[in-house]
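Same chain, two partners: chain A is paired with chain B first, then with chain C.
Up next is the complex of A and B:
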């Protein structure tokens, strides 16, 4: 079996500061998103259960200057091989452009039996790219998987639909997106971090995929991207705990949210 | 005539989209169509007509059973063409969010998912959604001929239904069944919780030292008459079920009173509480980010504060 995991490396959100309502991205390091790690882990667990399976991590470089290092994390977790597509045109593309580049890269690699995405990226969380890639490749999809098992006609999956759980099965090839509850991503051992540098990693540009910049031009226009203005009273209640609580009860009664 | 086409697998969300969609359609000089798909389509169609749809495209094609994304996106793409839709608005439920990407790809369209609000500006619908894990709000337009928006449930408010029903259209969709088969559905463990509807909400975070100490927090919730919610860490540790999660990947709440206990105030959580009327925060760190989001703050150890609060709110 061949599993391709398209992952996104994105700015570390814990390090993004807001200045004059604008997000400040300078000097913020890129990391592999948590949901992307869930996707890699899900692939590695399928590999362990199915046997004789290759796990390939694929990414589009959208401005991460240390992308090789970030991708080493996926390799250190256990992926066998990495593909990195770098192109200036990818920096400002949108979900449609990313899906096209990922689908072309999957075809160029020679296709896959299972393609596993996180349910959304850490920063944008649109959840569009997985379903778009499924459509481009003409394969079915199962979104928000919380459990994957090889078997049946190809794969069995459970997904959480809010109030209930669906158990599904489907033949391969298929696109899967995973929810964070599916697993706890492994932390690479020092030994595997050392080995990761020796694993094969291939660099491509859009031209290697038969694409031009115009093919990934964005279809959406972002008019603004600002932090919401906070309009809260920010009153700190002073004194010992009894005085603080008494003052709080008074205030909440005046606000009309507690009854007198 | 160009149309706004609306669809959701959740009837309530579909009504919201039809009701608000009619307002946008009127302003844009468009018609408003809805799609009702699956076994319950006739009943759904009547409801969507009453909530504003001029035309309802109905299909009970057997291939729609299980509402698999590949089949529903195929059905909606065909209906969008027949309705001459300029905008397609689907509900950003789990199924709907997955549907939006695939549908947009079929239509060669740009899409915006998890839309919190939509406004009409200069003859275009502008969608707002969270970005950077909730730290910012991006306002976007879509430039393709057909535009796909997946709108969050409850983003639009509805009023009473109007008299009259929409014209029912039964398109020939010739759908192919999905290769994905539903084996079974099973209930989720844990009792049903509806944090969206909570009027008083108490959320607990990493300030809680041990799972057993949840009893202290639960006693406070009972005294207050409030629901219990939590941050992602407590779900990850499996101290509380996923349906208690408040924030970006959980519930977006609108309580009149929200009380945070031992929560640092990461944006992934606060994005789910920003519509609260009054926000109270208790944290032992006076520099905790949560105080920036609070109307009233108490610097103190939750283990000291909760028992006093529990006594003080009884009967209020």
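Up next is the complex of A and C:
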């Protein structure tokens, strides 16, 4: 079996500061998103169960200067091989452009039996790219899987529907997006980090995928991206302690913080 | 067990310096760092003296991400209700090659780790070394989680606490009494504002030290370094003094009081707090340096107690880089001669014959000298009283300038205690 995990590297959100309502991205390191790690982990667990399986991590470089290092994390977790598509045209592309580039990259790799995405990216979280890739490849898609098992005609997946759990079976090839509760991604061991440097990593540009910059030109434009501004309420409570506590409980209840 | 030439425990300046030297010579070196990246856990007050280490890796410093070269020195004595500031500028400090620069470690160490990787060294982050593996007394590698890796030589560069070395019985856990705690804020200010407040030409920097009221008379002082677009403002405080204070000061309030002081407030006004950090600093001087090597290992940087209070500055980063450099040189030579037993003694010899341990020898009496509380309370106030006298004019007939100065000098400086302290100064 061949599993391809398209992952996204994004700025470490914990390191991003907001200044004048804009994110300060200067000197912020890129990391593999948490949901992307869930996807890699899901692929590795399928590999362990199914045996004789190759796990390939694939990414589009959207301005991560050290993307090779970031992708080493996927390799250190256990992926067998990495493909990195770097092209200036990818930096400002949109979900449609990304889906096209990923679909073409999957075809160029030679297709896959299972393609696993995180349910959304760690930063933009549109959740669009997985389903779009399925559409472009003409294969079925299961979204928000919380459990995967090889079996049946190809694969079994569970989805949480709130009050009940839906179990689906699908033939291969298939695109799956996984929810964060599917697993706890492994932390790479020292030895596996050392080995990761020796695993094959291939660099492509859009031309290698038979695409031109115009093919991935964004069809929508981000007009603004501002941090939410929230004024504090600045309520001063007066009176003796008992009156203040009563007023505080009353205020919190009205805000819905406490249940009446 | 997989084996490499050298394992470096810790990716601060000492470890990175060693790894850089080794990787540049083509040795197989693995550096293991616990933080998310090199520099993530490192703290400095703010100033790296490059002059002592310039010739060690001359190619490195050209492109290093320094903040500003220090071209102006300020010292402020904070008395009760007054402060006296000395500003010193010398043409030579404002010309290349600059002797020291302000730095921010998150940027600087990360950059140095990239230089190590460019030379072929492997820097592994987010991994904690749990143990040194020993065969008898010989250190033969490290254990991290389930993984064990062997090495001809292990360089211990784990920092001031020395937990791994202590666990392996290579050094005692340092006593808190011999340490200071440093804590600082990084405050963002526009470039031009910094230039104006410290009288700087563009891209030049200032070092500003404070003693007296900043520590409420306790051993230590305040510091302020100008970065490109921020200032590092902090306090170093001897732990013994802080703990034994009768009136129990919560040390975290010192920084707020410091910032509110009328002398400091206009300097830091409108600074936006972007980072808070704190660190332990060895104040033990020469006596805090453990055995620098043993079978299979070398100790470098803070792990080897290489931090030195020289009163007008606390040095550590230049010692860290130098010890890493000498460790690398000793190993390279040992590998060439195929004589690894010679590595430890060679390292110790280089450290002793260089400025590194000589500076510790020279400064060994400073610690005793600064244990005297009068330095942090009496003198800053005495200097303030003197100038208070000189500059005060009221509706009474004024004394001659000579009388003003001499009456202050007689009262505060011409006494037996000060004479003894002056004699004591000869030793520092």
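The criterion applied here is as follows: the second predicted complex is superposed on the first by the 234 of 260 C-alpha atoms of A that agree within 3 Å, B and C clash if a C-alpha of one lies under 4 Å from a C-alpha of the other, contacts with A are read in each partner's own complex, and residues count from 1 in each chain.
Rule of thumb we're sticking to: a residue touches a chain if its C-beta (ideal position, glycine included) is under 8 Å from a C-beta of that chain, and two chains touch if they have at least 3 such contacts.
Please read these numbers as outputs of a predicted model, since none were measured by experiment.
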First, second, both or neither for A:29, with chain B first and chain C second: second
Which of chain B and chain C A:180 touches, first, second, both or neither: first
Partner, of chain C and chain B, that touches more residues belonging to chain A: B
Partner chain(s) touched by A:197 [first = chain B, second = chain C, both, neither]: second
Touching partner for A:237 - first (chain B), second (chain C), both, neither: first
Sites on chain A touched by chain B in the complex: 11, 13-14, 16, 18, 21, 23, 94-96, 99, 122-132, 134-136, 140-144, 156, 159-171, 174, 177, 180-181, 218-228, 230, 232-237, 241-242, 244-246, 248-249, 251-253, 255, 257-260
Touching residues (chain side chain A, partner chain C) in the complex: 12, 17, 27, 29, 187, 189-191, 193-194, 197
Parts of chain B lying in touch with chain A, wherever the complex brings them together: 68-70, 73, 93-95, 97-102, 104-106, 109-114, 126, 130-133, 135-144, 178-188, 192, 200, 236, 242, 248-249, 256-257, 266-268, 274, 277-280, 286, 291-300, 304-305, 308-309, 312-313, 315-316
Chain C to chain A touching residues, read off their complex: 2, 30, 32, 36-37, 106-107, 122, 124, 126-127, 144-147, 149, 274
